[in-house]
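Two complexes, one shared chain (subunit A), two partners (subunit B, subunit C).
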Partner chain A sequence: MVLRLEEQGHHHLLSHRSFVGLCLLPLAAVTVAFFLLPMARLLVTGAEGPQGLAGYVSILAEPRYRATLINTVLLAAATTVVTLVVATIAGIFLQRHRFPGRAVLIAMLTFPLAFPGVVVGFMIILLAGRQGLIGDISSLLAGERLVFAYSIYGLFLGYLYFSIPRVILTIMAAVQKLDPGLEEAARSLGAGPWAVQRDVVLPALAPAFVASGAIVFATAMGAFGTAFTLATNIDVLPMLIYTEFTLAANFATSAALSVGLGLITWVILALARSFSGSAVAAAG
Partner chain B sequence: MRDRLIFTGQFLFTLLVAAFLVVPTALSITAGVTTNYFRGIQSGLTLQWVAQVWDLYADTIGLSFLIAFATLAVTLLAGVPAAYALHVRGGQLSRLVEEIITLPIAIPGLALALALLLTYGGFGAFRRSWLFILAGHVVFTMPFMVRSVMAIFASVDIKTLDEGAASLGASPWRRFRDVIVPNAVPGILAGSLMVVTLSLGEFNLTWMLHTPLTKTLPIGLADSYASMRLEVASAYTLIFFIMIIPLLVAMQMFAERELTR
Partner chain C sequence: MSGPQGHGVSVRIGHCGKTFADGTHALEPASLDIARGETLVLLGPSGCGKTTMLRIIAGLEEPDEGGKVLFDGKDVTAIPIERRNVGMVFQSYALFPNMSVAENIGYGLRIRGIPATERAKRVAELVALTNITGLEHRRIDQLSGGQRQRVALARAVAIRPGILLLDEPLTALDAALRYRLRGELNRLLRALGITAIYVTHDQSEAMELGDRIVVMRKGAIAQIGSPREIYFEPKDRFVAEFIGAANIVEASLDDGHLILPGGRQAIAGGTSQPAVVAMIRPESIGIVDVEAAPLRGQVESVSFVGDRQRVVVVGASPKPLTVDAPNTIQVDAGDRVGLSIASKAVRLLPPEA
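Entry: the complex of A and B
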């Protein structure tokens, strides 16, 4: 057998090794030309401002940039916490109970998964904008139109809108893998329903929380479409990068800020991956 | 009794969350076919807004499909062979390559777009054509194709199949065509759905890369949200939903099949 294999190897014009190398060639070409080279260019541009390399320091030192950075981190953190709480309550419920209409409910909770940020922004305008539903209801009940779509609260609601569907599926999959025997054991030892949730179920879901929380955080840090649709003056990092680049033509600062933002999201996702041991990806 | 109460509470909560997601979608669909949204549905149903969107934005829909299928073609041609090579080679270098091509998922589209603009902004003809947007979409969607195909290779023991075919004297190219690709079909399909869906809805990169002559559907959507009346914006969103929902349903079916396997 071994002999035959070697014999065959000589007959082929192309050895297995070089064929495998050839298979990688198109991907390598695309990646170098449209990702690695541009990224290198971005890194260099960040240091080409009037301050040189110190331009990278200024994104932390300059009060205006620092305030925006803190604002963005707080918003992303709030989105992560609320999304995890909401998705965990709904996810555990949907995985643990069977009732008529369950499949429809799951479909309703997951279908906005592929909505682009701009569409999510529009959904928030329909809910909380000038002609929005929340305004209609509040003017009916309290006589005053509640409009908050075009502020950071609208953005927060938008981030919840696209984060919840992503996380619910992960939580449901994690709940499915839990060992019901553990909960039974805790119950037979006299633990009440809350104690079982707190001491058995939630700790077992920790890896899923870390993985999906990291995705939500990274996505909320970098999301641009929703903020763009709601208002250009919301003070978050992607909007700052956008205005610096297009309106102020401040290439060096916007490049440095982009590098900083990319670094934050990448580190968060890499940490989550090394912690939870599974593949983590963010899109949107 | 207490269990009943907990069940009802959780059920109502879940219902509320579902309403938060579904109600605006329903509002947008109704607004798109209502004569006057401010006066409500009693003002009558109409397709005039859909027709107006078609007049104004039909070319953005065409360009979006063109770019989505071109992105699919490139990710298939470059991604499937690469997934095979990375799987059979294994080792540190393959892991590094996988890590690098996955980076665009972790980096915000805005940063990637800026990088492309700073590098190729001076190449006028390329910068002005839709191929510039294609380049961005390819980089952004490639990891989804490669990973989806690699996941299949990991589950069907492709190495044994490959070696078996080799021992029967099949050339590397024939093995790739007749053994590897047919076995990777589920991964290729799942990856393709993902690539087309992501490309059709991509905004962050595309907004920076587009020109007035290369507007895609999400660019047109943003444009209509900013400058058109609510009914037109809603009708446009409705058209987008009609395009994207079959893709979503197909993806969901795939995901369920994976779960039950």
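Entry: the complex of A and C
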């Protein structure tokens, strides 16, 4: 009697497990078909060039590749830092103050969220291109047309335009969740406005900085549409991969560069996360 | 040893009202004097304006035009909270999650530029005073509610504030802990000799902690007095019912006696009036032999609550009377009982405005 009950229970457990397994099957199939197999193929392709496995080493060894890599990382880092600074100031202000037109302004901020890189690039050309607004103004004022849309500076501006609205919204949500008592407590203890920001507000927003900063960084590392719209000779990694792949038909190098791009982004984000995590732990 | 000494200021609130931007009157213009070292409790239901009053004193809200806040006679109305030298304890405690217990307590001292060694000494004093020894290096999320409450108090007191402001500091705790910490807080406030303003909606907390209690209602002060005055001599029906339990009796008055369905009840210094409102506390009604009593009724229900039994008597007064009887007497639902009430224990209240 007891034994039979146990058997029944066992049987029930097994069927429950196999049911869960059944549910996971579609996910497993998609993961294998669209993620693991192409990734494996990419890894193999990277080592199939004339240099073999040394193809991976050339990402760092070849001066042109290395320079592009450093350029891309610097661009992505600069985009992340400037985006966080601008979006934090704007986000805190927008969340804390009520003024006429605030709702319209926030609605307008979400407007460019859906724009593809091509449209962002187009807008940068309208702003800083050969017929651009900045060129018109600078030629009027200084007698010289200022044109920087087709360079890495134009790309930098495009990435800022693309990233700032996203981060502002994240920061606003994080600010809304802050206990206003924290700031009031700090003030009651004698902290002036700057000290309150330094000791209370910014540390409390740190998780939002890490999360939104990671997305900005990764996007700036890999975005292609904006760069492609602006110019084909901007030295960033996605453009290099594109030219190696389509123009030079250098499959092995473009595969190795792709793997490198993914790996470097992943490592930098992991470092940033562990650093900010330990910073929070040390402060706490 | 430089122990905690009294360093309170006296506070004068002159004609402070508060109207919010949307036009709501949170506080009618009110004036109040708080003596150096006094513990004043602002008591009332939610939305009565007690927290607004506290925030005006703190400097977190500006009073409407014409309102003034004075510390030791000095006008501080225009001075922001960070320069008022006030200690604040919040209902949410508002401890800084990115700092340890010791860093939280020492924060106000750090802002004041006090050197680390002196700071550590003061923090150690407060850790001992508030009974949290051993927790100095904990993170805030590793503390229990009661421990957080103590850290919040230690942090507020560390800066030797002129006045300590406490906004429902025990409300977030469970009943047993609340009761214990209330006693501890009371001893601490007496030991520090600091001026303190304590906001609560809990009348038993107010009774135990307050030298004086300000009962507030709908943005206005209903009554100011010692706990005894507020309890025994409430000015109106609202105060009577908000503080403790109260039987409110509406009846006519004939030659110093309330005329009730169950008989006549003498009152002190009474005359004759067609309609009066009287208050009788449940514990001032005695249950006596039915034959000899001037006031009689029938027991509707008896609830035994341990230290006493709560007896509800119908038929004596227009509405059922609640009686706190000793836990030793034997009464059952349905019994006819006599009620004995001292004439002094009946308090006439002004009719409702």
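To be clear about the criterion, the second predicted complex is superposed on the first by the 231 of 284 C-alpha atoms of A that agree within 3 Å, B and C clash if a C-alpha of one lies under 4 Å from a C-alpha of the other, contacts with A are read in each partner's own complex, and residues count from 1 in each chain.
Here is the rule we use: a contact is a pair of C-beta atoms (placed from the backbone, for glycine too) under 8 Å apart; a residue touches a chain by one contact, two chains touch by 3 or more.
Computed from a predicted model, the values in this text were never measured in an experiment.
Asker: For the three-chain arrangement built by superposition, which of subunit B and subunit C touches the greater number of subunit A residues?
Answerer: B
Asker: If you stack the two complexes on chain A, which partner ends up touching A:Ala174: first (subunit B), second (subunit C), both, or neither?
Answerer: Once the two structures are laid over each other on A, A:Ala174 reaches no partner at all.
Asker: Tell me the contact category for A:Leu155 with respect to subunit B and subunit C: first, second, both or neither.
Answerer: neither
Asker: Once the shared chain is lined up, is A:Arg187 touching subunit B (first), subunit C (second), both, or neither of them?
Answerer: In the superposition, A:Arg187 contacts subunit C only.
Asker: For subunit A, give the residues common to its interface with subunit B and its interface with subunit C.
Answerer: Shared contact residues on subunit A (touching subunit B in one complex, subunit C in the other): 283-284.
Asker: Quick one: which bits of subunit A touch subunit C in the complex? Just the residue numbers, please.
Answerer: Touch residues, subunit A against subunit C: 179, 181-182, 184-192, 195, 199-200, 203-204, 206, 280, 283-284.
Asker: Which residues, counting only subunit C, touch subunit A once they are in their complex?
Answerer: Listed in rising order, the residues of subunit C that touch subunit A are 58, 60, 80-83, 85-88, 90-100, 107-108, 111-112, 139-140, 155-156, 159, 165.
Asker: Inside the complex, what are the residues of subunit A that reach subunit B?
Answerer: Answer in residue numbers: 1, 4-5, 8, 11-12, 14-16, 19-24, 26-31, 33-39, 41-42, 45, 86, 89-90, 92-94, 97, 99, 105, 107-119, 121-127, 131, 133, 160-161, 164-165, 169, 173, 193, 218, 221-225, 228-229, 238, 241-242, 245, 251, 254-255, 258-259, 261-262, 265-266, 269-270, 279, 281-284.
Asker: Using the touch definition up top, name the residues of subunit B that touch subunit A in the complex.
Answerer: 2-3, 6-7, 10-11, 13-15, 17-18, 20-25, 27-28, 31, 37-38, 74, 77-79, 81-82, 84-86, 88-89, 97, 100-112, 114-116, 118-120, 135-136, 138-139, 142-143, 146-147, 166-167, 169, 171-173, 176, 197-198, 201-204, 207-208, 218, 221-222, 225-226, 230, 233-234, 237, 240, 244-245, 247-248, 251-252, 255, 259
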